[in-house]
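The chains carry the letters A, B and C, assigned in the order they are written, with residues numbered from 1 in each.
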Amino acid sequence: MGKQIKIAITLVIVGGLLTTAAFLMAFYTAEVQTFGFATLNKAVDTVYPLAPANMQPTDGSINYQRPGFAQKIFYFHVPIAEASFLVFTIAGIFAVLFLRKRRKSYDTKSRIAMETALIFVIATMLTGDIWTRASWGVWWEWEPRLTTYLIMMLLMIAYFVLRNSIEDEERRATYSAVFAIVAWIDAPISFFITRLIPSTHPIVFKSGMAPSILIPFIIAQVGMLMIGYAIFVLRVGEEDLRTRLDISKEALEG
Amino acid sequence: MSEEIKQEMAVEVRDLSRTFGARKALNKVSFDLPKGAFLSIFGPNGAGKSTLLRVLSTLTPPASGSQVKVCGLDVVKEDFELRERIGIISHNPLLYPDLSAEENLRFFAELYCLDNPEERIDELLEAVELKHRRMDLARTFSRGMTQRLSIARALLPNPDIIFLDEPYSGLDPHAMDILDSLIDKVREGHTFIMVSHDLQKGLQLCSHALILANGQKVFFDERANINEEEFARLYRETVGMGVS
Amino acid sequence: MAQSNDYVMERKPKEKKPETPSKIKVSNWRQFKAIIRKDIVMEMRTKEMITSMGLYALLVLVIYYIALSQAGQGFDFTRIAAGLLFLAIIFTSLLGLNRSLVHEQDQGCLEALLLAPIDRPIIFLGKAVGNFIFLCIVEVFIVPIFYFLFLGGGALAQSGPWWMLVVAILVGSVGIAGAGTLMATMSVNTRGKDFILAVMFVPVMFPLLLIIVTAMTSVIVANPGYVASFWQQIAGAVVFDVVMVGVGYVLYDFVLGA
């Protein structure tokens, strides 16, 4: 128990250092990138300069040079978003495990993973909003990725609303596991939708990345995952203590 | 030898546990009940009575390591076969208020895939003296009549074992008498398991008695061996225990 | 056979019992039919679900008029017609789904259903098909009314064939009934009931609604090449339906067991 917490705290520190390192690298070593295709017809976009001729796509759309500063959010927004999908998936896996084994600990883990995923989703939304404002000139755009991602957030909120409305522990665990699985169906839809439907949201990893960009990106990703894992472990430990406290309370009361 | 026991026993429960997290709804309960017996289960609220009934009627699976057989059938592995042999009469009518008496029985007869539903429904309606109201909606029935109809429903598949989940709650004295005589009528050849709050009623009917408290078996014996006063004292102690 | 009231006392002789544990031959089809027939008989008697759903839908349409009353002359209603129609359908179906499962919960009937030798997925399919039928009946009312109130006077003169719209509505209704039955079974056991159902149901249904509305609008507007894009959308919606009904089919057992 104590050992786990030590590991978790170490992970928080290392993860924090890595993210900070990635932050510095993003601003000092990474090359400025014209990121994504600007097929937007937003008037505000036209204030950006055109990309050089050799970087113009051949399909008729036009690449604009985005302000380099806004692009830096990429090193944080994308790792957090990817972590959110991963943690959501973990919540789904624990939900399946719960339905198969009916062990309360799986329910607790599924719930905590869902909490962590929700934190990541909200962070993704915030960083994403800053970027859309800078890059598209609007705070919100009803485009496929943003929309499905918003739905994912609503599903997670619904998960907690459902949990809070059921008294019986076992029923609560079962229903929320079932709903977690149903809700998870939206995750692959949201993840792959930019590849299926024409979308203004940039697609990452479609073409390769320069090492000076890739390295801080990977460092940030690893840092985020460490922090995410640490949050998860600490919360599981906390819940464990809480149940033990409840048991001893009950025993004392007789 | 074990074959013989299987023939004799209606319910065999070994180390029945039912846990969720730290909470133990049932903790290592064991008992055997011979065929044709009438078991009354007593205990305070939250003692695990309903959970026990749900496990025995295949609605809730027991924790692994428990061995529960009803009518010689395992409640987990042979639940499907077992359900054909179970009838339940509860304080909840388990009937659709917007269907007539006959339609209610017809629906359940179809679920049990009975061969001659019409014939069986006629017989049962006659047995519970509701033939004259067969076309009336269940919603228009008095509490006692509803209970009679739900008995007919429980007897539809001709079950071997009948569960009674506080069947007397909410009944007026007259309806109670009718229920008594109906139970008396079908007593032979059936095994009964009743959950009850009413000590007198439970003792009067039963051939075996079980007291549960905090998910554990406190007492199990045949009616013949029970000293009523001592039993009442034990009952009061355990009920007091759970009320805290 | 027996004339006396005491027939129930008589037991079949022991020898008559077959060696195999199963006394009766269970027919899934017969049980499935029984569940649907019961729901229909009950509904024909009370007309509770259909009247409340129909009336509610009508009210929603009246409110649409308020929203549209200031839209002005140049406003192209055909582009939002499908969206508004499905909005009415989705909120109406919430009402019906909740009712349909409250019936089962009211007097503990669901427990009696579970005590019968019946495969859990049969219960799911029975309830889902019942809900689908009621939803279709209500749609038969709302869709023409919606047409006469908002799309009369040749608004659809340029549109594709009407049966394509019917296909889209049916595909959408399958998903609503499938996922809705699963979620309504959960929500009737919670404190919030219909509120919880809405909170779960709307986001889960979102992708399906978006696809169906896109498909219907493409038929109504009927730009060149709309047929291909319509079938593409419908294919996507069918995949969603299959996933949702499949998930419901598999997970219903767990929901009922809790």
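Just a few scattered comments:
Keep this in mind: a residue touches a chain if its C-beta (ideal position, glycine included) is under 8 Å from a C-beta of that chain, and two chains touch if they have at least 3 such contacts.
Worth saying up front: this structure is predicted, and the values here are computed from it rather than measured.
If you draw each protein chain as a dot and join the dots that touch, every dot ends up joined to every other dot. Legend note: the chain whose CA centroid lies nearest the centroid of all displayed protein CA atoms is C.
The greatest centre-to-centre gap from chain B, using C-alpha centroids, is found for A.
In whole angstrom, the spacing between the mean C-alpha positions of chain A and chain C is 34. For this pair, chain B with chain C, the centres built from the Cα atoms lie 36 Å apart. Centre-to-centre separation between chain A and chain B, using Cα means, comes to 51 Å.
The residues of chain C that reach two or more other chains are 257, listed in rising order.
Residue positions of chain A touching 2 or more other chains: 170. Those residues of chain B in touch with two or more other chains are numbered 61.
In the complex of the two chains, the chain C residues touching chain A come out as 179, 182-183, 186, 189-192, 196, 199-200, 202-204, 206-207, 210, 243-244, 247, 251, 254-255, 257-258.
Of all residues in chain C, those touching chain B in their complex are 1-2, 5-9, 11-12, 21-27, 30-31, 33-35, 37-38, 41-42, 45-46, 103, 106-109, 111-119, 257. The residues of chain B lying in touch with chain A in their complex are 20-23, 61, 244. Contact residues of chain A toward chain C in the complex are 99, 147-148, 151, 154-155, 157-158, 161-162, 165-168, 170-171, 174-175, 177-179, 181-183, 185-186, 189. Residue ranges on chain A touching chain B, taken from their complex, read 102, 104-105, 169-170, 173, 243, 246-247, 253-254.
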